[in-house]
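In the two complexes below, chain A is the common chain; its partner is chain B in one and chain C in the other.
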Partner chain A sequence: MNEIGGAPLFFLEFGDIVIYFTPFTLALFLLALVFSVFVLVSRPERQLEIAFGGDAYYAKEISLSELRFRRFMSIACGLACMGAMVTGDVFDFTLFVSLVGICNVGIVAAVRSRHVQNAAYQYGLVALAGTVPMFAAAGMVAATTGTLSMLELAKGTATVPVAARALLVLGVMGEGMAPFYAAKAEMFRAPGAPYVIMCSLSSLLIFLRVTEVILLI
Partner chain B sequence: MIIQKISRILSNFDNILPVFAAACAAMSLFVLITLPLPYSEDQLYPKQIVPGSSLNPYDRGGPPFTQAVIHSQYPENSPTAGYVTAYLTPLSLFLSEHTSYMGTTIVAHPGGILDEILYNTRGLDTVVEPTILFVAFAIAAYLFRKREA
Partner chain C sequence: MITELLFATFFGLLLLGIHRKVIARIQRRPGPPIWQEILHMLKFSFKTTWVPATASTALFVGVVLVAIGIWTAALLVILSGGSLLVIFAIYMLHKIVEHGFGLSSGSPYGKFGGVRSVISAASEIPLFVTVAAIAIFTKSLMISDIVAYQEFQGPLLFTIPLAAVAMYVVLLSKMPFGPFSIVESKELVSGYKTEHFGVWRAGLEVCNGLKTYVLLLTFILVFIGSLPFWMILIAMILITVSLSFTCALSPMLSPYDSVTIQTLIAGLMVAYVAILGVMS
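Our next item is the complex of A and B:
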């Protein structure tokens, strides 16, 4: 077996979907878990804007309902990340990644800032479009190899076409916005530090994971 | 110089969608070039069209409560797969006995054929799919209610 992330430590079976922990995926899983716990227990930052030329500053208040909603979305994003890190099934991976994309939009959906909302809108459209190549890739893997399990594909008996791999990467790029950090950077202007960092961390994690998936299958 | 130009284009988030659309178009061309792709005959969960069956095309065979043969990836992980593939409620049974044009209706209404592949061998997928839907509903509901606050 092609062990790109180290030897699997243990398996967790859900029927045909086998979740497996290798040292690599376990490290990513723990990172997502630790950050989700941080989000759960921490209080949001309060942005201060200094007024130039005077001795004044503005403090941006975040209402309790907004805080609750964003915390909920961040934790959902963390859970989706954890799932995407350890799942051993190509279709399940695409489902978790699209959940990450939706949660990322949800984290900033509550922000009352026109600029941030515009960026989130553009990002949402790309995340929506990104699902098409991603699920196409999963379908192509199933059609050309007859299986979706990464553990079976890692044995190397069936070859996944390059087109399917390329589509998978493009789809994850749409969901995670890897080279297009501009929209994400604008989203980070939203106040409320631990929650918006979840957007960044989740896309970083799904990129590390998709690299492993591409090398594995 | 060229990197500067590219980063200037990408730094404006209004350009993100056109750039991604262009990437998708280029990728479609690339995929078209690599066609045709081989089709693996050894597929999981195969389903054959049974002519004359009123449950077409969802007939997985097997009388109720006897185990139908389902080709899954790890049969040892789902030992009970195949037991309820042919279970019908009285209404679905009535429909299936009197007309052969209601296959999709029987599957789509509650109490019709259980697509056991979804609930048994690929259960986690079935859980994640509604989760995506619920998260999307939660966002939509929050945005709708935000105006009242």
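Our next item is the complex of A and C:
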């Protein structure tokens, strides 16, 4: 089961922290990279709204300050996501995933609308709660096996407790709830497609990666 | 590889044409010819194309290339006997493509199609169930290993039938005109793809053809095993026809009902794999 994401293609060692690429992690990394580039080069769409009380419609504009902040958050989210996709260390993975959660809160919360900020606040609470089991899982892995290296754990010399795996999944679920809150915000017509898509993409990618991590360790 | 890619695209579109024809005949309509989807793709390739003034241009165009790129990669992975996890990752990332299509134009119809795509995320959970059930039995997620396992142990369809049902539900949720096709229902015009026309729509048609071919091929290889090529094609047609019957005989659910039913199915499947895991 060591090659569940395909045969490893490349290892990049930083001391005992190893970054590795398999066809699976490479595909996820490339997608995070491609969408980060989209965020960098795209201007947001201008959403069409009906003007109540008449038959007119207008296009919503995003202010420059809001655009800059959301773009910054989206690129930070993309970078964190790329890190989470290729890291071979359980603690680094949890760290990157929590950073994804923070960035997602920022992406949604930057919209100046009461409904959207409510959604961001609710997601912020869920993401905050999600970090606790996630870091607890990393701590349990280190305490019970003596290592945080996924490649070492994949050898099967030490058994990772089921509770640690469950907590890791629970934590990632908390962080990965972003699309539901982003979608809730979008229902109130929050504009800014490239940024909102980073919420969905990053959440999906961390779900996919945690599946591999759980099967690997 | 180019030959396989072209064949997969055209055969996938032909399957979608058969899907439309069967649904029409069940509903006592003549229906379009079975090559209609191929004609659509060719027609859109030569139509006038531009980008709407309200669109996020880079995303509007880029997402079409991503859609074709990910399904081309999926075909490459399946033909080389690579990891099933990569195929499923690509399947899930298709949701981002739908979301990107819908949001990038600025149109409320597209946007709501994209939002519906996000809220129906429960339809992906049976995929994890399928992966987990297969991993329990074959101890590998490489498609080549799964096919080899079935040569000695018999088709997984009979070993883990409910995992096959889960995968069938996943296929159903991606078929047009099905009970779970809320992302492109008629009250949203064409849902997430409303504003993509001309060459962009042709690209989307190519993606749909590839997606249909890859998903059906994955189902056959993972649950039935290796077959002669002509039998694989016949099996694909038979599965498509069965999906068409399901689509024709069941109404399109409301978004709320669609998500609820998909969540219930996902819950049942998770319980099934938990039982399998305990028993093994």
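FYI, the second predicted complex is superposed on the first by the 200 of 217 C-alpha atoms of A that agree within 3 Å, B and C clash if a C-alpha of one lies under 4 Å from a C-alpha of the other, contacts with A are read in each partner's own complex, and residues count from 1 in each chain.
Keep in mind that, in the parts below, a residue touches a chain if its C-beta (ideal position, glycine included) is under 8 Å from a C-beta of that chain, and two chains touch if they have at least 3 such contacts.
Because the structure is a prediction, the values reported are computed rather than measured.
Undergrad: Mind telling me which of the two, chain B or chain C, contacts the most residues of chain A?
TA: After superposing on chain A, more of chain A is contacted by B.
Undergrad: Considering only touches as defined above, state whether A:170 meets chain B (first), chain C (second), both or neither.
TA: first
Undergrad: Quick one: classify A:46 as touching chain B (first), chain C (second), both or neither.
TA: After superposing on A, A:46 lies in contact with chain C but is clear of chain B.
Undergrad: Quick check for you: in the superposed arrangement, does A:147 touch first (chain B), second (chain C), both or neither?
TA: Only chain B is touched by A:147; chain C is not.
Undergrad: Could you tell me if A:110 is touching chain B, chain C, both of them or neither one (first, second, both, neither)?
TA: first
Undergrad: Which partner chains sit in contact with A:24 here, chain B, chain C, both or neither? Use first/second/both/neither.
TA: A:24 sits against chain C, while chain B stays out of touch.
Undergrad: Touching A:74, do we find chain B (first), chain C (second), both, or neither?
TA: Touch partners of A:74: none, neither chain B nor chain C.
Undergrad: Touching A:36 in the superposition: chain B (first), chain C (second), both, neither?
TA: neither
Undergrad: Go through the superposed model and pick first if A:123 touches only chain B, second if only chain C, both, or neither.
TA: A:123 contacts chain B only, not chain C.
Undergrad: So which positions on chain A get touched by both chain B and chain C?
TA: Of chain A, residues 179-180, 182-183, 186 contact chain B in one complex and chain C in the other.
Undergrad: Which residues of chain B touch chain A in the complex?
TA: Chain B residues touching chain A: 10-17, 19-21, 23-24, 27, 30-31, 34, 37-44, 72-74, 77-78, 81, 120-125, 128-129, 131-132, 135-136, 138-139, 142-143, 146, 149.
Undergrad: Inside the complex, what are the residues of chain A that reach chain B?
TA: Answer in residue numbers: 13-18, 63, 65, 69, 72-73, 76, 80, 83, 87, 89, 91-92, 95-96, 98-99, 102-103, 105-106, 109-110, 118-119, 122-123, 125-126, 129-130, 132-133, 140, 142-149, 152, 158, 161-163, 166-167, 170, 173-174, 177, 179-183, 186.
Undergrad: Residue numbers of chain C touching chain A in their complex, please.
TA: 53-60, 62, 66, 70, 73, 77, 82-83, 85-86, 89-90, 92-93, 95-96, 99-100, 103-108, 111, 114-115, 118-119, 121, 128, 131, 135, 139-142
Undergrad: Using the touch rule from the top, collect the residues of chain A that touch chain C in their complex.
TA: Listed in rising order, the residues are 1, 3-6, 22-24, 27-28, 31, 34-35, 38, 41-49, 59, 179-180, 182-183, 186-187, 189, 191, 193-194, 196-197, 200-201, 204, 207-208, 211-212, 215.
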